[in-house]
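By written order: A, B, C and D. Residues from 1 in each chain.
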Amino acid sequence: MTEELPINLYEYERLAKDLISQPEWDFVEGGATDEITINRTREAFDSIMLRPRMLVDVDRRDLTTTVLGEKIDFPVMLCPAGHHNRAHSEGEIATVRAANEMNVGMILSSGSSVVMEDVASASTRPIWFQQYFYRDQAMTELMAHRAEDSGYSALCVTLDSSVQSKRERNIRNNYPRLATPNYDGMGSEEDFSVRSSYSPSSDDAPDNVTGLVSPKVTWEEFDWLGSKTDLPLIAKGVMTAEDAKLAVDHGVKAIIVSNHGGRNLDSTFATIEVLPEVAEIVDGKAEIYLDGGIRRGADILKAIALGADAVLIGRPIFWGLAAGGTEGLKHLLGILRDEFDSTMGLCGKPDIKSIDRTVVGRKSPLLDLI
Amino acid sequence: MTEELPINLYEYERLAKDLISQPEWDFVEGGATDEITINRTREAFDSIMLRPRMLVDVDRRDLTTTVLGEKIDFPVMLCPAGHHNRAHSEGEIATVRAANEMNVGMILSSGSSVVMEDVASASTRPIWFQQYFYRDQAMTELMAHRAEDSGYSALCVTLDSSVQSKRERNIRNNYPRLATPNYDGMGSEEDFSVRSSYSPSSDDAPDNVTGLVSPKVTWEEFDWLGSKTDLPLIAKGVMTAEDAKLAVDHGVKAIIVSNHGGRNLDSTFATIEVLPEVAEIVDGKAEIYLDGGIRRGADILKAIALGADAVLIGRPIFWGLAAGGTEGLKHLLGILRDEFDSTMGLCGKPDIKSIDRTVVGRKSPLLDLI
Amino acid sequence: MTEELPINLYEYERLAKDLISQPEWDFVEGGATDEITINRTREAFDSIMLRPRMLVDVDRRDLTTTVLGEKIDFPVMLCPAGHHNRAHSEGEIATVRAANEMNVGMILSSGSSVVMEDVASASTRPIWFQQYFYRDQAMTELMAHRAEDSGYSALCVTLDSSVQSKRERNIRNNYPRLATPNYDGMGSEEDFSVRSSYSPSSDDAPDNVTGLVSPKVTWEEFDWLGSKTDLPLIAKGVMTAEDAKLAVDHGVKAIIVSNHGGRNLDSTFATIEVLPEVAEIVDGKAEIYLDGGIRRGADILKAIALGADAVLIGRPIFWGLAAGGTEGLKHLLGILRDEFDSTMGLCGKPDIKSIDRTVVGRKSPLLDLI
Amino acid sequence: MTEELPINLYEYERLAKDLISQPEWDFVEGGATDEITINRTREAFDSIMLRPRMLVDVDRRDLTTTVLGEKIDFPVMLCPAGHHNRAHSEGEIATVRAANEMNVGMILSSGSSVVMEDVASASTRPIWFQQYFYRDQAMTELMAHRAEDSGYSALCVTLDSSVQSKRERNIRNNYPRLATPNYDGMGSEEDFSVRSSYSPSSDDAPDNVTGLVSPKVTWEEFDWLGSKTDLPLIAKGVMTAEDAKLAVDHGVKAIIVSNHGGRNLDSTFATIEVLPEVAEIVDGKAEIYLDGGIRRGADILKAIALGADAVLIGRPIFWGLAAGGTEGLKHLLGILRDEFDSTMGLCGKPDIKSIDRTVVGRKSPLLDLI
């Protein structure tokens, strides 16, 4: 842990930039093509205003909530992101300890740098596993069974990565393929390669596994997977009401509204912008988590006000890990928690369920008036 | 007083920056987290356009008005802000003299650097006192009685500060706790301390008294306070129509629409943006004062057009004091008055009551047209 | 005339900046307080988009029009602006020659540097005279009679200058009072002085005559003036539909939609923004001229599309004069004419009357669609 | 071909800037007056957001489409732009080879640097020819017959260039008239000259032929031309629903929504903004191509979603040619194709006909909600 503790996530970001090598930094921070989505996803939060209420008893604020029945200390989870060893030598082991000790959720990426069974063993509380639908259906089932067998309590299927994206920073850096221990022995060398006119000499695969992921599957595959595992299924990457409805119709237990951190398809809306249409159509039939752009405790409150049950953070995981491994990530999570706590108090919201849409506004009240 | 007189409030701000130490300057100018609210509160005024009327007799412009029955020369009051000695050695004594001589309102902060009884003694015209609802109800009553006994003519209760905010400039500066003479002998050392993950070594309390303020009280406490004092009650920190209605229902005599200068909860709307919804629901049952972002005489007119009876200025108090104590603040107030006078004249508004909503516009008239 | 001819008005502006002394430049270019209106007035034009039509016969484009029955070669007039000798030693004599030779309209300011009778004598075509309603009603009548007697063919009364504005550049420059030959022998020294808290040592009077102008008069004075002169009356400074209606009701022949170039009241709408509401209520009962922000031929077309019969230019007069006196101003006017001609042709508009509202748009067509 | 291959069109632009002389660069990149339209045309794409769908079978993506019955590999065509020899010595011969080898459409400009018959001979697949309506009707017919005789399969008539525009970069550069071999022996020297107050010493004619183009013709001329040729007619330069309707009424086979790259009339809407109103009124009665601002594969998808059958690129032709002649342009086209392919896949769109309006959004979903 460094001497000077950052006091907010932006300071963590600046600190981490000096601690992570440039190609790795570009991989973590960068996104698809013009990074329009990255910027919009973040800035959308700052365009949402709060409407604080006064003289509400907020003496004992309860930040806890449950996600798929598991209690967490505040509504934050660590999103599935590959290769935490980019930021700290202990990789996901450092991460899971932080999640345990802060009592927040964690979804392990199938692209983790530590094999999934070892991360599960290191965890003292429920964590979840993320995977894809693979071209090889047996691989899909095998991953799910490994997750179930090693003790993960839910299965998150990422839907938005079945086609190669264009991450230009990685192309310029000729970013290499990293080891993906969860996939050892699976797929051929060719499966890990993608070629296009703009990346003649490198494969730019998210978590290096895009070549394995099937662009062919439909919601029937979702039903099939549900029949093969007892784990509750979570759909990650939903960005429309239409898909949210399909997800619910196909028995999903939770939906993650995510644009993959702006890393796959550029020029999508911010996730916070599409959250309300998802929340409206889901109408309580599944839990909803928001992924993308959370940097302040106030962002958490805004997401909950617009329909999220919890939020995910991605890039900040690497910032915290880089700054100090488990302790760095814990401190970063503590900042988010304390900011969220302060925001709840100042808004007159004593607990999660008291946070509703009346606490947020976006259009200037003057606009339709004068 | 310096040689070169500033000609507007922005020049005063620049001048004061050189006269006040950096940590104090950061305390005065800064706000919560990303200071989104500070910027929005100011810029919202510049987005409101004026619709001037011609050939109205504005030869003798009457800028006077009354606040809670007391006549002031123009609709400006000095908002309750702690520790005026940050800007001038005489502190609130210098301030009250300026308010007296310019015949504008003043609300003394309970966090004043001069004890409230001395400020009251120094005043030749009615001034008001600001306090909080404290964890210790006896303290609440005591403060109110001291205000009444020492001659304050109204009691302003700040509602928006019952939970610790996050002012990052102060955290970085390790800003110290200042003496708060009005609270001498009250509370324990611990009450003045707040700890969080992001301020491990300092307590960052607005006016250093947040620890004493109760986050538990509700509008019943407001009723109770009303029963303990003959002073008219003013509710400061209302930012929604909902709370404005509650305030009126609980007998408030005036409402201060305030976001605490962007110092407590970040990413609220600008106060001028929520003023109309407050004015509409209050509907004349209480007076309404607007706090936040007033830097030009035109801003005063805009606030009145949208429903305010008067406006408060905060940070400019420190600028005027730093530049020249009583004389500096008087000159600064004179600029605001003269700008307001000129704006009234150029808009064809001879007096306060002639300023109505037809004088302002925000949406471009072209927008719904072509 | 300089060697390198500017090719647009912005280049003229840059050129003139080097040719005019800084205090004079600030006087010409500057405006009231924060100059919000100056910027908005200009930028509003750039927010209006054109909808060009194809395969219209535009072989012979007719740019001519009439203003109060007088034919001009294209719909541009020189607005009343004081002291053209700031830019060229010949002052308004140089200006009137340019207006004559280019056959455009000109309104002489009562604050001209050349006495009104001499300018009238130098003109070979109809020009108009601008004046105020003065505190001394006899002065109002005298000016009107002098205009009539010396051959001016219309009388433009400026309505928006009866109260002192705050032009901070002039205050900082301690800008001096200039000679106003049309007022020689009128008023006292005191009438020319204005004092306020922000201009302790200078009088900052527009054209130095604000002290003479009456802030007391109402539309009855307008009727009275109409009874004292045979000249058609033009009301300059109308910025609302309400005042446009009053002007028409009181027999005005033309209305100039003007915010005085942002020099008097700051934070008004752009003139092009309020033009449509004026045009709608006037409904052909008077002519309408737009003043403010015209820098491109396309701006002229936009103004006509939104209801103007012609436009006025102000600051560009000084730019042209500074660059080359009569020849400079003629060349500048030629640029405007040629740009307007090209814009008409490219929009498929062969003459002035073919320019209607369907040629402009402001809201993105996508906005209500997706 | 340079060593380092650009990975997107913006990199191509930067590379080309160093390879093309400054006056030529200014000609290629620049536009009319303030270049408002150039910027808007580009930026409008970035304001349109995508709504990706998940779990759609996109394994085999079909990017092919037809334009006027001819199959192309992806919906891109090379727009008619004059003088490709500005960027590469082989001129349009290099271009047509790239179009052939990538199997995309090409419209040869009548202002080409290689005579039209030679380009046609060099082409192994159908290409189209662009011309104007000339002052000399015989010339119009002659050009059409030459196009037909030399094997062009469609005739594109540019409608938006019948009046001289104002391209200030060219005026400043005193940009010379270039040889126009297709016009050899046609017109007089005077026809190629245009004079105005702002271009005293140069003629600034788009493709140097504006002097030949008739500003007089109407839609009857369109009918007449149709009677003189068997080639299908394409109308280029439509920017309103009104003209789109007229074009359809007059038997056009395809409409090119184009603002001439912002080179003729400044301050038009972006082409992508007016595309929907054109598509709505055309209602399938003609094909629609969008010209202007395409820089990313995602832009192609957005245009198709809003009603285009294909898109045209203009300036990027020169970038590709400058970087490497035929190979450079082929590589650039490959980038566009691969980006479009990736965008289709990530949006869940397996083929062109699956791309409908539900995939795009512009207004933030939050705007009408909170």
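Here, a contact is a pair of C-beta atoms (placed from the backbone, for glycine too) under 8 Å apart; a residue touches a chain by one contact, two chains touch by 3 or more.
Remember, predicted model here, so these are calculated numbers, not experimental data.
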item	value
Label of the chain whose CA centroid is most distant from the centroid of subunit C	A
Same or different residue numbers at the subunit A/subunit D copy interface, by half rule	different
Rounded Å distance, subunit A centre to subunit D centre (Cα mean)	42
Subunit B and subunit D: spacing of chain centres that average the CA atoms, whole Å	59
Per-residue multi-chain contacts in subunit D, two or more chains	48, 361
Overall pattern in which the protein chains touch one another (line/ring/star/complete/other)	ring
Contacting chain pairs - touch in the sense defined above	A-B, A-D, B-C, C-D
Subunit A-facing residues of subunit D, complex	5, 7-8, 46, 48-59, 296, 298, 331, 334-335, 337-339, 342-343, 345-347, 358, 361, 364-370
Residues on subunit C engaged by subunit B in the complex (per definition of touch)	33-34, 36, 40, 44, 47-48, 159-160, 162-166, 168, 171-172, 196-200, 214-219, 221-222, 235, 237-240, 242-243, 246, 264-269, 272-274, 276-277, 306, 357, 360-363
